[in-house]
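Each chain gets a letter, A, B and C, in the order it is written, and its residues are counted from 1.
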Amino acid sequence: MAAGIKVTDLCKSFGGVRAVDDCTLEVAEGSITGLIGPNGAGKTTLFNMVAGTYAPCEGEILFDNEDITGIASDKLFHKGLLRTFQIAHEFSNMTALENLMVVPGNQAGENLLTTWFKPSMVRDQEADIRAKANEVIKFLNLSHVKNELAGNLSGGQKKLLELGRTMMVDAKTVLLDEVAAGVNRTLLNDLSDNILRLNREVGYTFFVIEHDMDLIAKLCDPVIVMAQGSVMTQGNITDIRANKQVIEAYFGGAA
Amino acid sequence: MNEFIFFINKVVISGSVIGSIYAMGAIGVTLVFAILRFAHFAHGDLMTLGAFFSYILVVLFPEAGSFIGLPTGFVMLPIAMALTAIVAILLDRSFYRPLRQNNVKPVVMVMASIGVTLMIQGLIRVFAGPSSRNFFFAERKDIFRIELPFELASRKIVVTEPQLLLFVFITVAVISLHLFLTRSRLGKAMRAMSDNPDLSRVSGINTTMVVWTTWIIAGSLAAAAGTLLSLDVTLKPDLSFNILLPIFAAAIVGGVGHPYGAIAGGFVVGFAETLSVFNWAIFLRPFRDSLPDWIDLPNKLAFVPTEYKITVPFVILVVILIWRPTGIFKGQVL
Amino acid sequence: MSVTNRPFILFCGLGLMIALVFFKLGTAFSLRMLAEATCYAILALGLTIQWGYAGLFNAGIMGFVAIGGFMSVLLTYPLNEKFWQSDSPSALGTVGLYIFAAIILVYGASQLHRIGVPRKLKNLITAIVFGISYLVVITALNPVAANIEATAGFIGGFGLPVWVGWAAGGAVAGIIAYFVGHICLGLRSDYLAIATLGIAEIIKAVLKNADWLTHGTLTVSPLPWPVPTPNDIGFIAARASYLAVTSIMIVIIYVALTRAYNAPWGRMMRAIRDNEISSASMGKNVNKRRLEIFILGSVLMGIGGATLISFSRIFDPSGFLPLNHTFLVWVMMILGGAGNNLGAIFGALFVYIIWTMSEPVTLFLFESFATWGKDIFGWEIPTDLAARALQMRVFIIGLTITLVLRYAPSGVLPEKIAKHD
């Protein structure tokens, strides 16, 4: 099932720059929570800390009521907390299908000795994984490119593939980092529909950084606004849009 | 007292000599690491090449030294330095730059530098043969024996002229390098490039000029180190391989990308070598009579037997990598 | 189309080369060359997985070769009666106990932080304990070593079957790889190159100088073979049998590696190589996998080294040269094609044949040139002409490396991209 994130008093400095400053927020289980804010507000740094890429200087992060502060990303992966990247980080020299098949952890076939001495076990597991990967491909309507090298896919298809990767491991919570970046309108609709489906049908929790307000409006409730390293306000998108402080933060005073 | 003098000769002076050589090599390596971002394995061979250039010049003009009053090898050094610098730039243009332009991983550059090492080594040995040569075939090596005014001191402190010249040279070199890096525009450009190459290029810094300067400094220092070392001992073609490891250890110990760190690292490695092969039992000898009979003093108490001297830089390297990979001066690691 | 045919064409060409050598230089010589080439092929396979699959730069292949050879000697050389009948074994056993105690003490000191000793103090204490135990062990070892050298020469071997020695060679190489990799793999690949270079030199220095252990420069010979030796059944039959053994080994290794490569393991390795950050964020333990490959490759190098040394029938530590045992293998691998097992085998055979033939060819060229120079210009022929001629090979190898890197970095048989359904 889905699980929630709770961040308390988080801080992160790079040299003299305080990117995240005493940030406290919560992502409710089963929600699609948006995170917006002007450039430099600290959104991606926050994501990086929750996702385990950086360790915070101070503060605490709870995931599903478990303290995950400072735990590295590969371990968080096994706990069901995944993140996607602004620039899609696909494996460009492998096919789309392989990109999906490589995802599940602890595959028997990834152990050398098992590969050599228990080939039938590996074969069976491979068949299962391949079946699941094909399922995911179908869900995302990518069947026509499944044997294409991932590096040759379009920006939007790469983003869909990333989403597909989260499906391979039955994620609980996914951090989406500017998923709309570089994606054309049609594929964007596809993407957002899939996000909604995953949330409603499979029960994913999404935490979404976005600049595209229409996408936020379509997907997110609530929306958290960050500025200068900490949370400024939060609420639903209509309230946020009307909030004077938020407008000032984005446009710097001129209304 | 004699033991102390022995210590000075074997550890302090020897350590300073070899430390200076390592330091000069390490400066070149660390600069190439910082600006061109790869480990230049061919550096040891640049040193050998420089020494050979000096040797050839000495063979051609054996009287030049006595004319001035210094060893001929030393007199020819500036020319050898210039020649080696030119070779270094040519190597970069022919082998390293094309790879850089293809945006290869740094590791591939290291492999290429190994290829270059083998080429230089092969050529040197084809033309000069594998035997060692002495710079002082036409003149005498001046040895200074300094007597200390202390009563028990029957031994003398021994320093040779090449060693003194080495100390003078490295002092001048370090001061000049410091002035260059801090005062001149090109020096500052180098420091900028070491920090952030993309930004430097965009800021209008002439990166080609910086690259050339790096190789000029690295090449000339390598030539100096090689020549001065060969003046101290002999010129051996396999000088290059044996010295590569200590130089890299020195550069890493000092912090990759920091020339001052390289100097410090060079001396650390040099002294570590001499200290670890030193026979510390010598210091126990004066007390031999005053100890009871049943305590048998070992004759030789050295950390490392002389045959295993090569392990010392490696152990230092391992220790630094485990304990503080960024080195003393916190250089680049990844 | 041409890519799938390429291995076939290349190996046919290789076959022609081999046939030519057989024709010109005789069966016995050619068999020797081929047997040695297959040993090098095992080395090349070890290197291709380290470099091709994991991007690791191992500049110390020589060290793993040497240790493989040494373990083979230690375990398979006949017992040295003089050693076992003296009191040296028990003395050596005592030193072994000292070493064991020292390890426990040092490990204990390194764990002092668990009882609250501050880190800096703990490190200092560990260093001092290490220094003292090291001195104690060395002073205990020296008289025993001297005694062994005086009475028995060296400790000899254990007289076990040859394949045990080879397996041990691989195992010990793997253990060393574990320690080296553990320290260096998290850092830049340049550092791994330097570290492996250093460790190779140290292994060689130890093997060369520990006369009591290895007989040092006095060398150990003749080393036993897994098949009847030339003394028993003549050069041709014996060498052919040895070649058969190593060829079977190559086939087994090749099959195992290919199977691993086509399995999820290979896919995971390709993912790590493709995009480390993504793989890490997907739960693949990148450092552990790199270490795994490093160890596997080193094990192969240990085995290859053992087969090579056993074949030469003589263990001479001074004979280990970075050129012959490290860089030659590098050329074999990058020419053949990194990450392609067939390429590694091809590269090894091809380069080794050229390398072997280059010795008489360069000697011939240099001598002709020198004689011609003497006749026409009155040049003096240097006395060490032969040595210098061989150095030309060093130059050629270096040039080959740089040229291949510049113009054909993926080698003649580049890695195949797997296609799934």
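In the analysis below, contacts are C-beta pairs under 8 Å (C-beta built on N, C-alpha and C of every residue); 3 or more make two chains touch, one makes a residue touch a chain.
Please read all numbers here as calculations on a predicted model, not as lab measurements.
Q: If I average the C-alpha coordinates per chain and also across every protein chain shown, which chain's average lies closest to the global one?
A: Taking the mean of all protein C-alpha atoms as reference, the closest chain is C.
Q: Which chain has its C-alpha centroid at the greatest distance from the C-alpha centroid of chain C?
A: Here the answer is chain A, farthest from chain C.
Q: Averaged over CA atoms, how far is the centre of chain B from the centre of chain C? Could you give it in whole Å?
A: Their C-alpha centroids are separated by 30 Å.
Q: Between chain A and chain C, what distance separates the C-alpha centroids? Give it in angstrom.
A: Their C-alpha centroids are separated by 45 Å.
Q: Can you give the whole-Å distance between the Cα centres of chain A and chain B?
A: For chain A versus chain B, the centre distance works out to 51 Å.
Q: For the complex, give me every residue of chain C touching chain A.
A: It comes out as residues 256, 259-260, 263-265, 267-268, 270-271, 274-275, 277-278, 280-286, 292, 296, 417-421.
Q: Could you please specify the touching residues of chain A with respect to chain C in the complex?
A: Residues 51-53, 72-75, 77-78, 82-83, 85, 89-95, 97-98, 101-103, 105, 107-112, 115-116, 119, 122, 125-126, 129-130, 147, 149, 165 of chain A touch chain C in their complex.
Q: Help me check something: in the complex, which residues belonging to chain B touch chain C?
A: So the residues of chain B touching chain C come out as 38-39, 41, 95, 98-99, 104-108, 110-112, 114-123, 125-127, 129-131, 241, 244-245, 248-249, 252, 298, 301, 303, 305, 307-308, 310-311, 313-314, 317-318, 321-323, 325, 333-334.
Q: Residue numbers of chain C touching chain B in their complex, please.
A: Going by the criterion above, the answer is residues 55, 57, 59, 123, 131, 134-135, 139, 183-184, 187-191, 193-195, 197-199, 201-202, 205-206, 208-209, 322-323, 327, 330, 334, 382, 384, 387-389, 391-402, 405-406, 409.
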